[in-house]
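What follows is chain A paired twice: with chain B in the first complex and chain C in the second.
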Partner chain A sequence: MKTFSGDALTRQKWLPIAIANAVFSVLLAFASPAFLSLANFQSMLVQSAVTAIMAVGMTFIIITAGIDISMGAILFFSSALFAQLMIDTQSYLLAFAAALCCATLLGGINGLLVVRFRMSPLITTLATYSIYRGMAIHMTGAQNIPVPREMGFLGNGRVFGVPVPILILLVIVVAGVYVLNHTRLGVYARAMGSSTRSARESNLPTAPVTIMVYAIGGFVTGVAALILLARVGGLQSGIGIGIEFTVIAAVILGGTKLTGGSGTVIGSVFGAFFLVLIENGLNLMNASPYIYDIVRGTVLLAAVMVDRLSVRRQQKALLAVKAARFDQPQSVGSTT
Partner chain B sequence: MKRFLTLILVLTLGHVSLATAQDSITLGLSVDQLFESRVGVNNAIKAEAEKRGYALIEVVADGDAQTQNQQIQSLITQGVDAILVCAVDQNTIERALMAAQRAGIPVVAYDRDLPASRVVAAFVGPDSLSDGREAGAYTAEQLKAVEGEKVIVELIGALNDQNGIDRSKGFREELASLDNVKLIEVPTDWDSARALSGTQNAFQANARVHAVYAATDTHVPAVETVLADLGLLKKVGEDGHVVVTGVNGSNDGYQAVANGTADGIVVMDLDATGQTAVELASRLLNGDAVDRVNVISGNFYTTDNIESNKDTIWGAR
Partner chain C sequence: MIKALSESVQTRPVAPVLIALFIGFSLFSPYFLTTGNMEALLTANSVVLIASVGMTLVFLLGGIDLSISTVISVSAVVSGLVMAGTGSIWWGAMAAMSVGLSVGLVNGLLIGLLGLTPFITTMATQLIARGVAFVLSKGIAVQGTPYGMLDFGFLTFHGIPAVTLTALLVVAVCMLLLTLTDWGRHVMLIGSNRNAARYSGINVRWVEVSVYSVSGLLGGIAGFISIATLGNAIPGVGDTLLLIIIGAVVLGGTTMEGGEGSIGRTVLGVGLLAVLISGLNLLGIPFYDQLIIQGLLIFLGTWLAMKLSARRH
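Right after this comes the complex of A and B.
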């Protein structure tokens, strides 16, 4: 009989990272008195908003056994389009709509390429990363473009005392949880991740689902881009470089399997928060700038190792079940 | 008479040959990656090359050292006369640069020096040490009257970028004149999003921060975001003002100083860097001796004089 904690840890994919967040928070509270303040927690939530929002989209993609390396480039392109349109038209409505539509479209194109040409998602999105980034650089001439001060509301504003990025994150998370757990899209995405072949043989609409999950990834990246743009005060050509790896790290830390089929939106959000927690802890302790990358890499490595161990354990359990069935006497047929 | 005609002929042919050589000079421009200040230097290089009648082939490595290595090999194959390079990584491109040396192609490094290279004939770039000192001296002067601990947040550039390292070193040298300094180092890798979160964390960890120094002033809007969040965005001269300085000369930095929310920025002279790079290549092609290291110091402008110097700030044009 499994213990409660062991069973819960296996079933609730987000629980280990939630516990890791709690443990790390306690350690940091001892290490730095400034850590345990409401302001600091609010600040960390705001900091994690961009990564967490993108992680919601990436969760959908990875659950189908896909991956999107071009997310950082989509973020850069939609930011660039927004900034450029604001200069050219001064219309928030047009700039917002165009940036979000374009981000969704670019994500959808990734999905289309993956299903239409049966290409590896990694290679496909690596190629589109270069294309999207190049398009953005071409559009802006690699220039920094400031955004209007009023746009700062999106990054720094508050509604009923709650920072706007946190509110947007909440909306995206609720929508993500609902779609993943309570709609056919979510069920089909998991089924495809478990076995694309079986999903096809079962006549599941694998092509539309793939396009849809990449489009969702694109859309949330567009939302994240606008928040980031508002927070850093303008477009810079380095924006979004490498962010896809932080997002993937958050998703893996959150318990989503790189092999697909299993994962939770909540886990990914906890994963994103955990990465900010580490950064926050290192900052609060005034750690040497040279150890940041080492710590980040070590945490990610640990998460991947845990993921692999968990996959092995599941495979073993599956084999044990099969063996047990095989060993059972064929009594049912013979007695009737 | 015959000798005279021969002399005329030789001189004429020599002139034609020289003119042809001048006309056919092609420079190879190998760029690490494109961002605002890099584009500024590249534009100055292109303008200077055009003024001199040189052709120019530009290649951009998008931050990939292997790509830059291949691109330099390609420039050699295309028969460029000189190469101007801003390296992604010295070790990776040294082999390609050695191939250039074997082909008799002089190499000029710009913006980022390659001190250990056996090939680079000359370097031109910012005097990052001096630029950092300018910002450090100003900060030290502003904080000398502060009693007790002086908390300073330093937004460090990339840890492997010599310009970032020197800007930090110069800044700290000047802080040595202050006592009781708590320096909070925030690595940013030139990324404003990381600068933003690092600044936010530093302000959470310390009840009072007296100054922020940004290795690039493109981080200043992110610093302003944090200060605005915390209700600390006060103009220079107002009570509770946080001293903000940076290096670069971008529009972000210019706007912040012009508005009075930042104190001052060190402005790099991108035009001079670009022009000197072409000048060095030209002199090397002519066989002239050149200095190995050529640095161009920036100018520090504060709220008092930034508007009057607007025309010299590349980001404000």
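Right after this comes the complex of A and C.
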């Protein structure tokens, strides 16, 4: 029984963060009776929606052993494009389509550059981060642009009593889980992350897969941008600065390895929720907002340390098993 | 002569670009080549220069130190508070260096001994350092910088600011460490072939711990210098620097994969970005277009460095 639970913990990568979420929720429920209401959970889910949606895309990228530092810039670019087009054309259809297409395109360009120039994804997307952000501010002339009031529906509206951001998050998660686990793209992405060389040598289409995962990252960032814009009420210059690190933190907390090859979409969403949960807890304690960074960093460190120690223990256990197997034939020989 | 020239261009492709930009800006803007502008340029980039040297060492090892930007912030804040409390610049300097060294040591122990991924580890310590900087300073610039510190920021020797000379001293010491000591050779070897380094008996873990510690220490020194150049210890000072630091290092031609590059190249990289930003400002190019140009430059520069290095091997 004990080995089963240990096995499940290591095999289901999202289980540890799910348990952490549950434990922390129970603790907060004891600390404050107001915590355990449906309304509070809904509001926390809505708060985590933007990060969680982006984390779904980042999971795909990190599973291929890539990374996208430019996600915050794509977020800002598609927000800016949407707001600017709404002002210029007043056409929702055009603005929505353009924002989503552009976000996907910018993500795809990241993938294309990584494939074509074979530079580290970190440096490549660091460069595009600067370029995309510059282009977006150039486009809007560094102005804050409000979006129409109806737009608020995306951020605060409800369908059948469920907040719209949660519904969108649900759709993205279901699609993400499906693509990662049940399509060739998902399988190839994992294979590339485990070993780029083996993937290339077994003739997997590594280039298209790389471009696709970055494009997926761009697309979900576009979706997140629309929700964020709706919630904030307009384009502000600070949108998206540093969000890529929060998203990466969520993915890592969710049990996805930065070295690629393994990870789950569900885990990343739990990771994003956990970050909001911490914030909620700190709010309950009336902590200074400056402490958030310290707690977030500490939690991230603790998560990777626990993970690392468990991997070490596993390796030791594996070695012990191997050693036992090595000993066995001798003992068999002695009995006969 | 021509062969030697072309060889030096191949190993330091940034140098001719830097010279060309320098001449170009001097021709296009009458204000570029003035003592005032040069002093401002040197002063403003001393902090980045010191931190970039730290990042270069970590890159040469094949790692990354994302925390160096906010190590600058937190050591500046602590140093500012100590100086405001004691009125002593020396205590302030000691405080900044010990804060930087401690964060670097933590990074090093986590990465070197525990085997954590450098990216995540330093991302986490970046957050923690930033949080501590903002908590300690309550989010505002630390008041009460001693006058001696402000004088230090304005002090010049023959037109070269004292802060820049300090930065150059740090550069020189690190260069000597890297090229003349066993430690430096070990850093380069670990970066280019980790397993070979381990099998040849180098204590890889210890070298890793020491490199991240040095990087932290340099972050601390950079934080202290930032007080002199800005006049106050500002908790958000490091937030925007990370991109410039990494950009300068890779633009200089030190690759993230390790083993390839040098501190000298990083100095050129920092110089290139500094001249570019100053020149574009004088030409009236808005900051957002500068972002685009910087991004393109980082991309093309890294690509070019990679191509040239592939041709050399």
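Convention: the second predicted complex is superposed on the first by the 302 of 336 C-alpha atoms of A that agree within 3 Å, B and C clash if a C-alpha of one lies under 4 Å from a C-alpha of the other, contacts with A are read in each partner's own complex, and residues count from 1 in each chain.
We take it that a residue touches a chain if its C-beta (ideal position, glycine included) is under 8 Å from a C-beta of that chain, and two chains touch if they have at least 3 such contacts.
What you are looking at is a predicted structure, and each value in this text was computed from that prediction instead of being measured.
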| item | value |
| --- | --- |
| Fit-or-clash call for chain B and chain C when the two complexes are aligned on chain A | clash |
| Partner chain in contact with A:156 - chain B first, chain C second, else both or neither | first |
| Partner chain(s) touched by A:190 [first = chain B, second = chain C, both, neither] | neither |
| Touched partner set for A:137, first chain B, second chain C, both or neither | both |
| Touching partner for A:279 - first (chain B), second (chain C), both, neither | first |
| Touching partner for A:232 - first (chain B), second (chain C), both, neither | first |
| Contacts of A:127 with chain B and chain C, given as first, second, both or neither | second |
| First (chain B), second (chain C), both or neither touched by A:290 | both |
| Chain B versus chain C as contact partner of A:146, first or second or both or neither | first |
| Which of chain B and chain C A:43 touches, first, second, both or neither | first |
| Segment of chain B intruding into chain C (one of 95-103, 185-193, 257-265 or 293-301) | 95-103 |
| Common interface residues of chain A - those touching chain B in one complex and chain C in the other | 130, 133, 137, 142, 288, 290, 292 |
| Of all residues in chain B, those that touch chain A in their complex | 34-36, 38-39, 62-63, 156, 159, 184-187, 190-193, 195-198, 200-202, 204-206, 218, 221-222, 224-225, 228-229, 250-252, 255, 315 |
| Chain A to chain C touching residues, read off their complex | 67, 113, 117-120, 122-124, 126-138, 142, 245, 248-249, 252, 258-259, 288, 290-298, 300-301, 304-305, 308, 312 |
| Residues of chain C defined as touching chain A within the complex | 64, 110, 114-117, 119-121, 123-132, 134-135, 138-139, 243, 246-247, 250, 256-257, 286-296, 298-299, 302-303, 306 |
| Touching residues (chain side chain A, partner chain B) in the complex | 32, 34, 37, 39-40, 43, 46-47, 50, 130, 133, 137, 141-144, 146, 152, 155-156, 228, 231-234, 236-239, 241-243, 276, 279-280, 283-284, 286, 288-290, 292 |
